[in-house]
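Shown below is the structure under consideration.
Each chain carries a letter (A, B, C and D) given by its place in the written order, and its residues are counted from 1.
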Amino acid sequence: MSFEVHLDKIDKVYGETWALKGVSATIQTGDRITIVGHNGAGKSTLLGLTATLTNPTRGTICYEIDGTVAKDRGQIRRHMSMLSHSPMLYADLTARENLKFFAGLYGVSTDHHGIDSRLEKVGMKAAGDTLFRACSRGMQQRISFARAMLGDPDLLLLDEPFSGLDKKGTERLKNILMTEYRHGWLLVTHDLGQGYEMANRLWIFKHGRLAHNLKKSELDFKEYVSLCEANLPEEVLR
Amino acid sequence: MPNLILLMLSKDLRRELRSKEVFLSSFLFSLILLCIFYYAATSSSVAFEKLPNTALWICIAFSGTIGLHRTHQAELQNACYKALMMAPRDPGLLFLAKFAANATLLTIMSLLLLPLIALFFNLDLGSNLLKMIPGLVLGIAGFVAIGTLTVVISANTRISDILFPIIHLPLVVPVLIAGVNCTQKAMLGEISWTGIQILCVLNLVFLSLGFMTYAYLLEE
Amino acid sequence: MNQEPANNLMYLTAAYSAIWLILAYFLTVLVLKNRRLARELEQLEQRVSNMEKNKAP
Amino acid sequence: MKTGSLLPQTILLVLTIATMETALIWALQIAPADKLQGDVQRIFYFHLGCIWPGFVAFFYVLYASIRYLISRASKWDRRAFASGQVGLAFCTMVLVTGPIWAKPTWGVWWAWDARLTSTLIMWLIFLGYVMMRDYIDDQKMRERLSAVLGIIGASMVPFVYFSTRWFEVQHPKPVVMGDAESGIKDPNMVIALLLALAAFTLLYLFLWRRGTELAEGDAKLSELRMRMNALEEEA
């Protein structure tokens, strides 16, 4: 199964600010791309655009599924899902009820057992019947990962999935991402070390432009950090 | 499609049973409204007993607005609505599902309100209850059909809580006029067929409008 | 119908002046916005040309 | 381009003023006073004159909003918005002149007459439409949501009219002077009414054009400002 996204000269304008400017790139099957950029540099916008949640002001996005161009939004959406810093799950439902609802909504047929095995994969089987609001932030994010994985997506859109997690929680979620998931993703993050470790492609955004689009093999971590420092303001790098 | 509606309905009902958000915001609020209503009526020497229908619809209009706003806020919490927006589903069907869930919640709320109104206004509902149901249900359906759209529209503005009633209530005036008439007649033991016909037409128009335009609201 | 004609004329005047007042208000708002727009456009165009001059050499 | 659009603009303006003058003269001087209502009835010419383009304005909002959602071209949003604004202004005129006419004829400023009520509700619907735009920052979002609200609002207008009238049948009017004895009979009255209609239609066209141009200027301005910001940020 191949799933490719072609971005062609994308402009996106919000109010009077330019979120994205002339972004052209291709996301190929299995690309694990880490995106860094200063605040408001259009990283989340890019994820929203890729997820077909919003339309570009100018330019086109083209999706290719198994070599044929897909037009139908529903069909495209089945191949992607999003995991962001907000879990996108209902606080008043249990983990199991949440997953059941979204499985139904996304047209994934899962019986009781299926939901259980998905919860087991993220190590949350025991907490399946606790209310989502009673779960810790780390647990919530793991359940949210199970939600994102419901449709077995070919491309994961990760919008700062680690924010608000402690070190242990981050490690755990990262491990799950690296072991349980085999396809590509777009990861927006502030943590350069993590971003570099998890990626096989590195994107650096500056003022809404895709300033650098590099393969991981082209540069080592030190070079990456210095490249980021050259492009990004200090407050992003902390 | 029935699947999707059932799914949304069971989710919203379960959420409601746990959080009691709509119950608190709508039903208890209506109770307070009824008290105010009593004192406002009697202090101006209006026969309070003659106003059960008025009180019913004022409660529905006000608490319905609050309830709709509340349920949508709950969707926005944790960005759940974003997950709904990304669902690979026909937006029109999503609208119908959301509408069905909202309408069911508000209908249950108003059915709970009916005995209370009968009690406060010394009304003998027994024989006329069945005659009231069509007007009430259709009226609420129309109210919610528009509300399901306007609540999303106003949620994207900076002052959603204020703007929602301002844009919602004028749009549902035709529904309210027809609904008020239907239930008033029903309380007198008649059925207003014209009123029910009008309500049916309005519902049809609202639902098709929502079916066609909801796609444009499910964007960022 | 049972009012004095003079009184009647007062209402007539009131109605017509109300129309003109609303119209005048609308027009004033339009004109004022237009002026502000023209002013800002001029300023911006100047800024743009300044920047381009700075860029050219 | 600017000089090209200036000539029709001027012609339209001159035409509007001329028709408006003639309509005024006809309504206030030439048309005879109403037998029962007296001179107050003269309010009616301009009162009715406002309603008609008000309706046109709202149906244009419907049309332009649909065109916007199909094409997603900002020009349709600007046209719809300008039309909504003018419609709101005309609706306000109707709402203000209505009570002024009602007081000497009906004896009260406001009666819950179907015409008054439905105009009031229509006014509220479009006040919401015009107001909402100020509270959405993102342009595309504003255009999209306005278009949806415009469609819902404008398609509600006939129902508002219908339902308020239907309601009136249920409850006979209070002591209201009917229009049976008075009303428009004299040919000069008809001419006055037609002239007022023509004048306000022309006025609508003129104001709508100006409003659209203003919105276009605004769009151009924010585009420029945005490019400036981007340039300065990079520099």
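Quick notes
What we mean here is this: contacts are C-beta pairs under 8 Å (C-beta built on N, C-alpha and C of every residue); 3 or more make two chains touch, one makes a residue touch a chain.
For clarity, every value in this text was computed on a predicted model and none was experimentally measured.
Compare each chain's C-alpha centroid with the centroid of every protein C-alpha atom shown, and the nearest one belongs to B. Inter-chain centre distance (chain B to chain C, centres taken as mean C-alpha positions): 41 Å. Work out the mean CA point of chain A and of chain C, and you get 49 Å between them.
If each chain is reduced to the centroid of its CA atoms, chain C and chain D end up 17 Å from each other. Separating the CA-averaged centres of chain B and chain D is a span of 31 Å. Of all residues in chain C, none touches two or more other chains. Touching of two or more other chains is recorded for residues 54-55 of chain A.
Multi-chain contact residues, meaning those touching two or more other chains, occur in chain B at positions 219-220. Of all possible chain pairings, those that touch are A-B, A-D, B-D, C-D.
Per the touch definition, chain B reaches chain A in the complex via residues 3-4, 7, 11, 14-15, 18-19, 74, 77-80, 82-90, 219-220.
Across the complex, chain D is touched by residues 13-18, 21, 54-55, 57, 207-208 of chain A. The touching residues of chain D, when paired with chain C in their complex, are 28, 36-40, 42-43, 46-47, 50, 86, 89, 92-93, 96-97, 100-101, 103-105, 177, 203, 207, 210-211, 214, 217-218, 220-221, 224-225, 227-228, 231-232, 235. Interface of chain D with chain A (complex): residues 72, 137-140, 222, 225-226, 229-230, 233-234. Interface residues of chain C, counted against chain D in their complex, comprise 1, 3, 5, 7-9, 11-12, 14-16, 18-19, 22-23, 26-27, 30, 33-34, 37-38, 40-41, 44-45, 47-48, 51.
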